[in-house]
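To start, the structure itself, in structure tokens.
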Amino acid sequence: MAKVIFDTERCKSCELCIDFCPRNVLGLSKQLNRQGFYPAYLKDPERCTGCGICARMCPDVVIEVWRDDDEKSEG
Amino acid sequence: MAKVIFDTERCKSCELCIDFCPRNVLGLSKQLNRQGFYPAYLKDPERCTGCGICARMCPDVVIEVWRDDDEKSEG
Amino acid sequence: MTHEILMAGFGGQGIMFMGTLLAHAGMMEDKEVTWMPSYGPEMRGGTANCSVVISHEPVASPLVSEPTALIVMNRPSLERFEGTLRPGGLLVVNTSLVDRRPERQDVRLLEVPANEMADRLGSLRVANMVVLGAFVQASRVVTLHSIKQALPEVLPQHRHGLIEVNVKALEAGAALASGGQ
Amino acid sequence: MTHEILMAGFGGQGIMFMGTLLAHAGMMEDKEVTWMPSYGPEMRGGTANCSVVISHEPVASPLVSEPTALIVMNRPSLERFEGTLRPGGLLVVNTSLVDRRPERQDVRLLEVPANEMADRLGSLRVANMVVLGAFVQASRVVTLHSIKQALPEVLPQHRHGLIEVNVKALEAGAALASGGQ
Amino acid sequence: MREVFTRPKSMRKVVMHYCPGCTHGIAHRLVAEAIDELGIQHRTIGVASVGCSVLAYEYFDCDFQQAAHGRAPAVATGIKRVLPDRVVFTYQGDGDLASIGTAEIVHAAMRGERITVIFINNAVYGMTGGQMAPTTLVGQVTTTSPGGRDPRHCGHPIRIAEMLATLEGAAYVARVSLHDPAHVARARRAVLKAFRTQLEDRGFALVEMLSSCPTNWGMSPREALRWVKEKLIPQYPLGEFRVPEEEARP
Amino acid sequence: MREVFTRPKSMRKVVMHYCPGCTHGIAHRLVAEAIDELGIQHRTIGVASVGCSVLAYEYFDCDFQQAAHGRAPAVATGIKRVLPDRVVFTYQGDGDLASIGTAEIVHAAMRGERITVIFINNAVYGMTGGQMAPTTLVGQVTTTSPGGRDPRHCGHPIRIAEMLATLEGAAYVARVSLHDPAHVARARRAVLKAFRTQLEDRGFALVEMLSSCPTNWGMSPREALRWVKEKLIPQYPLGEFRVPEEEARP
Amino acid sequence: MGERILMKGNEAIGEAAIRAGCRYFFGYPITPQNEIPEYLSRRLPEVGGVFLQAESEVAAINMVYGAAGAGARVMTSSSSPGISLKQEGLSYLAGAELPCVVVNIIRGGPGLGGIQPAQSDYFQATRGGGHGDYRTPVFGPASIQEMVELVMEAFEVADRYRNPVMVVGDGILGQMMEPVVLPDPKPLDSLPAKPWATTGNQGRPPNVINSLFLDANLCSRHNEHLQEKYREICRREVRYELVDPEGAEIYFVAYGTTSRVVRSVMNRAREEGIITGLIRPITLWPFPQEPFERVVERAKAFLCVEMSAGQMVEDVRLAVNGRRPVHFYGRTGGVVPSPAEIADALRKVLEGRDPGA
Amino acid sequence: MGERILMKGNEAIGEAAIRAGCRYFFGYPITPQNEIPEYLSRRLPEVGGVFLQAESEVAAINMVYGAAGAGARVMTSSSSPGISLKQEGLSYLAGAELPCVVVNIIRGGPGLGGIQPAQSDYFQATRGGGHGDYRTPVFGPASIQEMVELVMEAFEVADRYRNPVMVVGDGILGQMMEPVVLPDPKPLDSLPAKPWATTGNQGRPPNVINSLFLDANLCSRHNEHLQEKYREICRREVRYELVDPEGAEIYFVAYGTTSRVVRSVMNRAREEGIITGLIRPITLWPFPQEPFERVVERAKAFLCVEMSAGQMVEDVRLAVNGRRPVHFYGRTGGVVPSPAEIADALRKVLEGRDPGA
């Protein structure tokens, strides 16, 4: 199981995480954050592999990714 | 026959013409010029071939070289 | 009479365009005008505001620190500028993006649900024109006619297709202001 | 009494060294001294001159425009500076390289055939010391003893071998000056 | 659970002022990760330049100096000469490093100055509103090349990595790109090497990063990264142009 | 009689201030000969830099501007942009061109500025009294490297020709030497080519000339030329590093 | 003369330069003046001119040197840090007597500072921030119309005296729009001949552009010539505006943007019955002495207002020379003094207090 | 304290810096100050310091910035054109409040000019030739002994106020030899601590060296802080020498080399029975007001002598503020005014004429 945590207040809706997620499990929320952006969120947590690619492409260090130790990355 | 003309007042006694003359026919005069240098002169005009090397190595454009048209350069 | 108008909102809301249009209209009415953007640091984002002064005399300072009219397009702008409006001045609020009532009681208030109105006109982007139409109607700084005349001057040639919807928005705003007062 | 001495000659004649030695000697006698080279443009060649001031009081200006003593080592220097010497001043001329008599009649003249004398001592390079010895003897600005004491201070360690010939030259000059006056 | 990715310790938890999708943010993170990995946060001194990254000192959790436009390598030299056992890096844009600061970067490299340079090549002056940079591509429209860069008038783009690689003092010179995860991973390794080059006292190190400026290119962040891949990389080949030899320490 | 060698017409008949045996004089003559040969004296504008050759305007019989230290390429750019049909050349030393003027020469080359640069590399600052230059050899003693240039501290000498040859705008880049008649003859041809490159509108042209400074090297003119041959050339290989392609006009 | 059009100050500067016959611009981006190079990068090629973005401000000013020496009307523009970098070049231009126009859209300093409006480069502009005894005429316009006219005039003055001329403004003047009537372009064939320019010595002895004088006496003579020229500029090129209403006792002294804020204050003060005058230097160097002589007898005091910690006030003190009190009010770092603050300073002066304290 | 030794001015500057605890020098060759870098290139490595020849003056001043920010005592030196190039950097140093010492051995300008002595960079030094409202203390020594002492003091003042300090001289002071007693070296462990320096943030929050203030209000507040500091420097760091003999009516004002020529003139004048005084500013900024207050009542006139076209004379006028006539005599371009010329100027002033005319 993977855990993807968004520091939503820092997100700028650039969608790079969404573009690069190999599982296509990310989307933009409909709720503006305080900066005035629609932050990204994990819309389909089940399919996330915890590969961390989203975090590595996020220019604003919004995302943290945690994963069960034995699981393998697919990214 | 070659003619080597020195604009002696401009000579600075650097001796480069002397060093590079393939015929070793140049020397320094014993008479100071107005700049305070002992200017170079052609001490052995007979042996000069008019090759022009002295002129081409003179940093101060002191030397002019003329030669009979039919003669060949050896420089 | 010297009108000193301050307009403020988000970067993308067309604040500068509103101001430019107003200044152009003023010039076309042979008035003295100045338009002055607030320009931020050498970088992106944040809020935008601009000052327009329209007068029958040469304009002294182009900077408006105590406006006679204030147009706020979003809430942060209301927070920041509400206090600067002169007593008796005109306060125009885009209620679509400002979710609180102004505190000032000593000013004329004009509320415009600009985004909703613009949406109804089929283009969210003309919310600024709705507000401008309402403002001009309520303040009489320039005529609505001058604003319309200024449109083709200010819009680049390749955007002239947008004149129509802009005019509609201006008129909708003006109608609201004359009706709603 | 303030001595303002100007020395002038060709670049290679050791003018600066003469001046430095004199200034050192002055300092060793607990006098106030300044040494000032004329420094030319950022390039090579030409003439050199330096000013030395020796006084019992703090030295006002280190620049000598009207010297109390003038030492000329070559003809161009005589041409250039003869007129600046104060009336009654001391004019030392290296007659080996100056082929005309000075025009000034209101000064003390000391003629030194320095190059010839140096040559006789076996080293053309000490012509400057001959002149300096003569000058010191004639002017009493400092003692010859002080000059000799200054030599090891001014000459770098690896040149101390030259002290002897320099001393000889100084003495030869001094002898000429005391004899010749 | 094991952490796959968390914020590097050397980065402060503040909102950065960069535009949405600007890869300056990724570059920052890579530097911070290298600092963390090498455990040098407490002896690292950064030098911020003038460009969009002028506020870098607000984002890194270490000592910083803000340098005049183009002069970061000189400032870094001043620091490094006083504190040779500290780690000094500069973070510079292409206007800063490849235009006004050309002399400073060339000479820092020539001297083999023991500093690490992070060079953000986004083919444009970001901060001042998208003017032409020396790295702007031929034909690229900017606010001061409205008809596209004309090589007849402004020449061809300058390739900094290749140029500096002609200098013996440049121990490590590499060009990387930030346009996709695989390249970001490679960039990360290059940054690490560049810091190691300094730690091992081998000489000057520079990593040129092809970076995006969606705002001034007038593109979405995604389009901008595609443009990096399709337009920038052909002009600016990726690779290592100089690597330190094991022994050779001048 | 036929003239084998006479003073070029483009040189004035005045005594030059250079030290005895300084090859600045030879370099001057080669430039004047090229101007004569190409028949461009009346449309040539020279740019003198700051260095021993600062007075170049007194020696050439053509219009001249004296430029601030290092800025001759910028000054030449200003002239050439105003008068594109004139011939513009700069004459710069290694302190001027390779140190303070690095940015200006790199960018003139990058732009492919249609100018001709005569670059006198004598491994030292001549005019100011023999300080270290970026071109000073490792170990070479100068007044500011009294223990010899230490590469650990000051890096290795910069090779300007090679560095500029990485730029596409540099149409002709060559290094020659003035240490003997054969090399002087080759240098002469390089200077001609560099002017032709401009006349044919091909781009930026530079000729680096290894030159002597007997005064600051503390050598006789003859020893100095031997030093050029034995020490300078090994560090600075002679040759053409870029030649204009027949067609390629950017 | 054309119709009134609404134009940004920076763009108006660019257009004015073109109408003055300037066809060459060398610059480097810096806020808040980027619209000048951007405008000219579009416009100059249209009129057969050259816009070139230099690698730095240092390169830019030296390109200006080359172009000016080649006989062109040429301009560069920058903002404070960039102008500092041009100081050596400016000294060279002044030394070699080359005409050009240099625009400084001043921002808050020192150092990187900010980009907001300031007038804190007054000393640098009026006293030659570079080395040596040189001066450059400095124009300080207060409106876009005046900016246009003074930029055009700057080219005339530059050519008349073979000297660089500076035009200073700030981000407000650069970024604001105001109606402006653009003067007709100067016909290029009416521009002054420059027989001294280096254009290739066809049929004349070579020309040399130079500021080197190895012999101190020659260098001194050259300086005397420059000083004589500067004295002539002082005699002939002083410009100012004097607002001198009946009954004024306090005279403001202010230029540029600040003078406009001062005018607001004067208008409001008059409504309260307080009559004030204004001396508005239009040339900052040569600084106008005349208006001070005209009012000093009846003035009670002068109040100099600047966006600086107090720079022009020194020239005011020198002009008044102790005859009346000179007070100062200034804001720094990009803050424009507000009408309320200035009114407050005025009140203090009226009460005989020092507003600086 | 050691014995009297004969030393060249430029070398004495280098030695004084070392004795002040300066271990870092970044510079670029330029006549007539080359003996400073040359001396330090030998001496600094001997004492564990670093001499680095930078690629340019611009690089040098920015290396100074980095080194100063890292907490070092650091110096650079140059001459006029090179100092012009350092103006941006100086403004940054002042803005970021970094201590350092900058020596300017002034030569004749403008432009390339010559290398002979001048004082024509007075404005640049005293009014911040760079951009923004900043100041640097400026010392103007008149002898090599004083040069040594002031260079050492310059480092103290720089650290005390976290501000660059300038020392100005000319080729005469740089090239001449005079006996000097070198003060003992400052023990390195006695130098002030610099907790603000960027040395790696072991155990404390990060330090940042910076002059950027995007918000105008913050920039303004920073400037107010700087101005407060400058006022404190004006209160505490003024230095001057007043020669005020009984019976003096005319007071010379002169500094540096010129003051020594003036002294010759005063000595000779006294022999003719003419008693004169001398105000010799030692700090050019802050400019000494006090000596003027002390003598202005009994002075008949002031005669300012400079190797410039008239720069310090503005400060003299500001100090005298119209209470007495202020006259000026100056030579430019590298010419040192001769005693005869100055005596002539004095004579004119005594006769009530203006020597400048």
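Here are some notes:
As written, the chains take the letters A, B, C, D, E, F, G and H, and residue 1 is the first residue of each chain.
Simple rule for what comes next: contacts are C-beta pairs under 8 Å (C-beta built on N, C-alpha and C of every residue); 3 or more make two chains touch, one makes a residue touch a chain.
Worth saying up front: this structure is predicted, and the values here are computed from it rather than measured.
Path length between chain B and chain G in the chain contact graph, taken as the least number of steps between touching chains: 2.
The minimal number of chain-to-chain contact steps leading from chain A to chain D is 3.
Greatest centre-to-centre distance from chain B is found for C, with centres as Cα means.
Centroid distances built from C-alpha atoms place D farthest away from chain A. Between chain C and chain G, the centres computed from C-alpha atoms are 34 Å apart.
The centroid of the Cα atoms in chain G and the matching centroid in chain H are 29 Å apart. Chain E and chain F have Cα centroids separated by 33 Å. Per-chain CA centroids place chain F at a distance of 39 Å from chain G. In chain G, 31, 52, 55-56, 58, 81, 88, 92, 96, 111-112, 114-115, 210-212, 214-215 are the positions where the chain touches two or more neighbouring chains simultaneously. In chain B, no residue reaches two or more other chains under the touch definition. Touching of two or more other chains is recorded for residues 18-19, 54, 66, 68, 99-100, 102-103, 106-107, 127-128, 134, 153-154 of chain F.
Residue ranges on chain G touching chain C, taken from their complex, read 4, 6, 31-32, 114-115, 171-172, 175-179, 257, 260-261, 263-264, 266-267, 336, 338-340. By the touch criterion given at the top, residues 99-103, 106-107, 109-113, 134, 151-156, 158-159, 162-163, 166-169, 250 of chain F touch chain E in their complex. On the chain F side of its complex with chain G, the touching residues are 41-45, 47, 54-55, 57, 60-68, 71, 74-83, 86, 103-104, 106-107.
If you check the complex, the residues on chain F that touch chain B are 1-8, 11, 15-16, 18-26, 29, 180-181, 184-185, 214, 220-222, 225. Per the touch definition, chain C reaches chain G in the complex via residues 20, 23-24, 27, 32-37, 39, 41-42, 59-63, 65-66.
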